[in-house]
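Below is one structure, written out as C-alpha cells; comments come after it.
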Amino acid sequence: MMKKTSRFLQTPIEPFAVEAGLTADEILSRMERISFQGRNLATAQHVWQKMLEDDVTIFLGMAGALSAGGLRLVVAHFITNRYIDCLVSTGANLYHDLHETRGQHHYVGSPHSDDAALADAGIDRVYDTLASEEEFIGNDNWIAEFAASLEARPYTTREFLYLLGGHLWKTTARDGILTAAYRANVPIFCPAIADSSIGMGLSQARQERAGSGYIDVIGDIVESANLVIRRPRTASIVLGGGTPKNFINQASVQAEFYSDKVGGHRYALQIVTDVPYFGGASGSTLEEAQSWGKLAADAARISVHADATIALPILASALAATAGPLLARRQIPVFTLAARVMTVGGQTVPSDRFEDANAPAV
Amino acid sequence: MMKKTSRFLQTPIEPFAVEAGLTADEILSRMERISFQGRNLATAQHVWQKMLEDDVTIFLGMAGALSAGGLRLVVAHFITNRYIDCLVSTGANLYHDLHETRGQHHYVGSPHSDDAALADAGIDRVYDTLASEEEFIGNDNWIAEFAASLEARPYTTREFLYLLGGHLWKTTARDGILTAAYRANVPIFCPAIADSSIGMGLSQARQERAGSGYIDVIGDIVESANLVIRRPRTASIVLGGGTPKNFINQASVQAEFYSDKVGGHRYALQIVTDVPYFGGASGSTLEEAQSWGKLAADAARISVHADATIALPILASALAATAGPLLARRQIPVFTLAARVMTVGGQTVPSDRFEDANAPAV
Amino acid sequence: MMKKTSRFLQTPIEPFAVEAGLTADEILSRMERISFQGRNLATAQHVWQKMLEDDVTIFLGMAGALSAGGLRLVVAHFITNRYIDCLVSTGANLYHDLHETRGQHHYVGSPHSDDAALADAGIDRVYDTLASEEEFIGNDNWIAEFAASLEARPYTTREFLYLLGGHLWKTTARDGILTAAYRANVPIFCPAIADSSIGMGLSQARQERAGSGYIDVIGDIVESANLVIRRPRTASIVLGGGTPKNFINQASVQAEFYSDKVGGHRYALQIVTDVPYFGGASGSTLEEAQSWGKLAADAARISVHADATIALPILASALAATAGPLLARRQIPVFTLAARVMTVGGQTVPSDRFEDANAPAV
Amino acid sequence: MMKKTSRFLQTPIEPFAVEAGLTADEILSRMERISFQGRNLATAQHVWQKMLEDDVTIFLGMAGALSAGGLRLVVAHFITNRYIDCLVSTGANLYHDLHETRGQHHYVGSPHSDDAALADAGIDRVYDTLASEEEFIGNDNWIAEFAASLEARPYTTREFLYLLGGHLWKTTARDGILTAAYRANVPIFCPAIADSSIGMGLSQARQERAGSGYIDVIGDIVESANLVIRRPRTASIVLGGGTPKNFINQASVQAEFYSDKVGGHRYALQIVTDVPYFGGASGSTLEEAQSWGKLAADAARISVHADATIALPILASALAATAGPLLARRQIPVFTLAARVMTVGGQTVPSDRFEDANAPAV
C-alpha cells in the first residue's frame, strides 16, 4: 500500500516491548518513542543530560512532601554527585530531612486512617505517611537551640541552612539533603522558611535568647539574583512547583534587570501534578514562562505530569547509569558558603546589593 | 533518646537509594517503603502477583489511547503469557491495535501542534501522537469488508473480535492485542463498540451488504456474567477507567443475581488519573466499589494515580522478572472462542440466557 | 505615566464586584471579564446562545453520575424547552433518571462512609450519594419486563429509549429526562448501553422471553450519522466526556464520509474535569478535535474545567433568564420517533444504510 | 411498593429545578440537596455563616493568581465587611492588587497565545491573562522607593503591608485588598514574601538605600501564633492552598505549644483544585489536618473542589444576600496595626517572643 508521505508523520511510535531484566535506563530508552507522559519522562532524561553537557548552573526546586515521602536520599545523591548546583526547597522538605538525619523516621501509614485516633496518639499524617509529634517537638527545640547559639544577626536562608547542615553533619555524620549540601558546598535557599517547622524552630529561638532567629529572606532574593548575574547561563529543574519553582524563575528575572547577559533559563524540566487551568504558578506551563523571560525562547524543556515518587526513582536510576561521563566532564560552579557573603568561582555574591553588570565601569 | 512506641508507627519509610544498573523489579522493590503513588505502584506488583498465585479469573480493562500511545505490545504480552484471562477494552484501543498490526503506524507529534494545519494535511491528533486519516479510512473499509463477509446474524463483541483477530492474524501474522488474544484464546469484550472506529467500520458493512454489521452487546452482558457464574472467583485490573472498568464490575454484580457463590472481585488494581470528587465512575475509589458488592470486603486492592504510559512499562518489566514461576504454576481458565457459544473449562457460556446457579436442580 | 499601547492589551480585566441580590445571569455577566474558569463559564453562556441563534442541530452529551447527582431536571428542562435537539447519554444517567421518575430517590450521603457497612445494608454509594440496591433490582426487573413485552427484534437505543420513555410517562406521568424526551420528541442515543443497568435490565429480558433484549448499537451509528447528513450544521455540548463526547463527534466524522456538506460542529462547549495530558478522549481539547475534522476550524468553542454540579446550575439559571427570546425564535428540527425509522423535518433517517449525499442522482 | 427504611437513607437528593431570575443565594439553596461539588459549595455558605455566628477569629488564605484573575475586590469586600479578620496571602496576589490599585490593569488574553511574541512585546502571561512588564517594573520601583523611605529596621510582613497599604491609599484613594485592609485595620501576613514581586521591590530598595528592605518573617510566625494565643477560637478559609494554607494551620499548631486553650480551628473551609494523592499540602484533606491538631476533632468543615474564579463569585454573592444580619451582630476582633507591635482587643501581640499562656503567673 503506497502512502502519501507527510512532513508531520516522520517518527513512528514504537510500542514498548516487555523484557525481563531491563534496567531503568533501558526502560526509559524504550519509552522515548511511546506517547503521553511516558515519552515525557524519557525526554526528561535527555534534557537533564543536555544540562550536564552544557556550561550552566543547574537549580533544583523541590516542593511537596518528598523528603517525608522517601526521596531525600535521591536529592542528596543529586547534590553529592553534582547533578545540580543549587537547591531551592520548601522548609518542610528540609525539616523532614533533618528529622531522619537525626536518626528518626517517618512511617508507613494509610490514607484511610482514623485521624481522630492519630491525633489522640500524637501522630501527624501526610497522606499515607506518619510521624511522631513528640519527635517533631524535639526537632523544633533542637533547631531553636542551634539558632539561639548563633551570633544574633540576620542570616539569609542560604547562610543559615549551610550552618544548620554543618551542625547536623557534626552531630550525626549521616547522609541527607542538608548534610550533603554542607559537604558538597551546594547552596540551599528556602524562600518560604517562615511557612515551615524550621521557621517554627527559629521563632522559638527568640524565646531562648532575645535577638536570635532573624532571617533575611530579602537577602536571599539578592543573593540568588547575583548568582545568576555571575553565571548567566542557567537551567531549572522543578519537582512539584510551589515557592521553589517561582523563586528559581524570579532569580533569573531579577538578574536580568541588572545584566543584559541574562536571558532566561536555557533548559527547563518540571515534574508536576498541577494543571494550568486555574492560573496557579505550580501548574503553569513552560511556554507561559517564556512570555515572562523566565525561560529562553529556544530553551530545551519538558513537563512531566506525574507524581515525583514514581517519576524520580526511575529518572534518577536511569541517570545513574548514563550520566557518569557527563558528570566527570562537568565544569561545576565552585561555591564557598561558610561566610556571610558566599562566593562562586571566586567572585563574591553579595546579599545586600545587586551586582550591576550593566553599569559603566568607573 | 527514648521514644514512646506506638501501634501506628511500625514500619519506617526507607528512603529510595539511587544506584546504577537497577532493574525494574529492583526499583519497585526499593519503592515499597517510600510514600504516595510510588509506594502504590510497588504494591500493584504485589497485588498482581497475588492474583497470579490464587485461582481467579483475571479481567483487564483498558481505556484511554493506550494502543496508539505505545502500550499495545505490553497488553499483548499480558495476554500471551496469561497474566490475564479476559480483556475488556474500548473500541479505540482495539482499532489502533489493528491499525499497527496491519503494518501502519502512529507517529510522534506534539501537543502544541497547529491543528488547522493538521486537519488540512489529513492528520488526526491524540495529544502528542499523530495518525493518517487516509490510513484510518483504509482500516474502516477493511473492517467493513470483513464484517460484510460474515454470515448475517448478530455477534457478541466477544465473538466478532475473535473472528476479527483471526482474520488479522491470517492476513498479517503480526503481534498485537487482537492477534495475541486470537492465538491465546483469550476473550475480548468491547461494550462500547458503537462508540469507536470499529463500530464505524461495522456500520459501513451495512452499505456493502444488507443485514451485516449486527452486534449483540446485550449478549456480551449475559456472556460476561455467565463467565463469572462459571468461575466465581475473579480479579479486576483496570487501566484508566471508562466503560471497561464498569463492565468488569457489572459482570460480577449481574452474576451475583444468579449465583450466590459470586461475591465481588477478590483482587482489584487500578491505574487511574481521574479523581472521585465529581462522581464519575472512572475516578471512583475501590472502597466505593465495595458498597456495590463489586469488590469483596476483604479484597486486596490498590489504586495507583498515574499515567499508564509511565506506570505500565515499569510494572510490566518488573513482573517479567518476578512472575515467571507464578505464571508457570497458574491454573488458567481454558476457553474456546471459535463458536457462537464460547466455553470455559469445557462448560458453555451462553449469551442468550443466564446460567441460574441458584435454581433448584430439576 | 504614559504607556506604550500594545495590540495584546486591549480588554482590561474587570474585578468581580460583589452585590446582594444578583441573579445568575448578572453574575455570569460580571464574570465575563475576570479570568480562568470563571471567564470560561461566562463564555459558555454566550456560546450556547450563539448555538440557539444559528440554525444548527444541538447535541448534548452527558457522562458521569449527573442524574443521581441532582441534575436530571436541568437536562429535562433543556429537552422540554429545546435548548438541545438530541441527547447522547451514558446508560447510568438514564437509569438513575428512571429510578427517580419511578418515584424513588437517591439520598444524601458522605464520601467518608463505611463501605462495608453500606454493603451489608444493601446500599450502593456514588461518592457522596446513596441508593437502595433493592430498589435498583426492582428497576432492573421493571426494565426487563418492559423489554420482554416488546416485539422480539433489534432496536436502536434511540428507538428503545423512546419506547421506554413513553412507557415511563404512561406509568408515572412524572418529569424526568426520559419522559421529557418522549414528550418533546427529542431522540436519545446511548452507545454504551451494554455498560449500564439499563443494559442489565435488557439482558434479564432474555430470561423472561427468548429473543428479547436485542439492541442494535451499530444502527445508532448509522442513524446518528444520517441525522447529521440530513442537517449538516451541528453543535456539540458535552458534560463530562466519556462515550457521549466521542459519539457526538463520531456522528459528524462518519457523516462526512457520505456528505461533503458536513464540516464538523460549528459550535462546541464542554464542561470537563479531565485533562489532556494522558491521551484520554474525555479530557481531550477542542483544538485537538479540529485536527480530526470533528470541529470546524472556525468553530466558536469553549472548555470549562469544572464540576458540572457547580457549573450547570449556574449556567442553566442564567440561560433561563436570557435565552427565552432565542428559544422562541428557534427553528427546531422536528423529529418523529415512534416508528422503527425516525424522521427529521419529514425526511427519513434510516439505521440500516447511510444516506449517500455525495452519490450521483440516478 | 413498600420499602425497608434504612438509617443510611434519610435525606433524598432533590434535583435542581431551573428557574429564571434566581439569585445566587437561591441557587445555592437549591444546590444543598444535590451531589458532588455543587452540594459542597452550598455547604460552604453554611460553614462560613456558622463562623460569623460564632465568636472566632476568621483567617482567610489566598494563593493562586486570584488578584490578577479578577477576584481582588471580592477579597476586599470580605475585608471591609469583616467576613474575615486576618488575611494570609501570597506576595503575587498583593502585588497584582497593588498593580490595579495604582490604576493599571491586567488584560484579557488567551491560553493559546504565542509566548515568544508576547515576550518580544514585553507582555507577561498568566494562563489567559496578560500584563505589561513595563508597568510591573514601574511597580517594583514604586515599592522599592517606598521601602527605602522607611526607617531602616526589620519589619514583619504584617507591619510592612499595613504601611504599604496606607501609602497606597494616600496615593490613590482606590479600593483594593491592601487599601481595604489598611482602612479596616485587618492584618495581612505574607510568609513567602521573598517569593514575589513585592519581595523583588524590597530587594531593590537595598540598591536605593543601604540597610533598607529587611523583613522579619520569623516575627510573622511569632505574631500570628500570639494572635491565636490571645484569641484561641479560630476559623480557617483557604482559597487554593499554598503557603497561606499551611501558615494559618501553623499559627494554630505553634500557639498550642504555649497555650492549652488552643485546640485547632473550629471551622475550616477550603476551595481547592489540588488532590491529596501526591502528598502536597495544597491538596491535603481537612481530615488529615485533624491528625496534626490543626483542626478541632469536631470542627465543621468543607472542601470544595473547584476553581475559585467560579466558586467565589457565587459564594460571595450568596453571602452578600444572607450574611448581613450575622455581620451586624458579629463581635469582631479589633486590631491596631500602626505600630511595630500590633494589638488585638487592646492586648499586645508581640513579634519577638511568644506569650506563654501556660506559664505560671509571677
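Chains here go by letter, A, B, C and D, matching the order in which they are written, and residues are numbered from 1 within each.
FYI, a residue touches a chain if its C-beta (ideal position, glycine included) is under 8 Å from a C-beta of that chain, and two chains touch if they have at least 3 such contacts.
Keep in mind it's a predicted model, so treat the numbers as computed, not measured.
J.: Count of steps on the shortest touching-chain route from chain B to chain C?
T.: Graph distance in the chain contact network comes out at 1.
J.: Tally the contacting C-beta pairs at the B-D interface and at the C-D interface, and name the larger one.
T.: Greater number of contacting C-beta pairs: C-D.
J.: Would you mind pulling out the distance in Å between where the CA atoms of chain A average out and where those of chain D do?
T.: 27
J.: When the centre of a chain is set as the mean of its C-alpha atoms, what distance in Å lies between chain B and chain D?
T.: The answer is 45 Å.
J.: If you average the CA atoms of chain C and of chain D, how many Å lie between those two points?
T.: 38
J.: At least two other chains touched by the same residue of chain D: list those residues.
T.: 35-37, 65, 68-69, 113, 118, 123, 126-129, 275, 277-279, 287, 305, 307, 309
J.: Please give the residue numbers of chain B that touch chain A in the complex, ascending.
T.: The touching residues are 1, 3-4, 6-24, 27, 30-31, 33-39, 41, 65, 68-74, 77, 100, 103, 105-109, 112-113, 118, 121-123, 126-130, 132, 134-135, 138, 287, 305-307, 309-314, 316-317, 320-321, 324.
J.: Inside the complex, what are the residues of chain D that reach chain B?
T.: 35-37, 275, 277-279, 305
J.: Residue numbers of chain C touching chain B in their complex, please.
T.: It comes out as residues 63-66, 68-69, 92, 111, 113, 115-116, 118-119, 123-129, 133, 137, 154, 191-197, 199-200, 202-204, 206-207, 210, 213-218, 220-222, 225, 240, 242-243, 246-247, 250, 253-254, 257, 273-282, 284, 287-288, 290-293, 297, 307-309, 352-354, 356.
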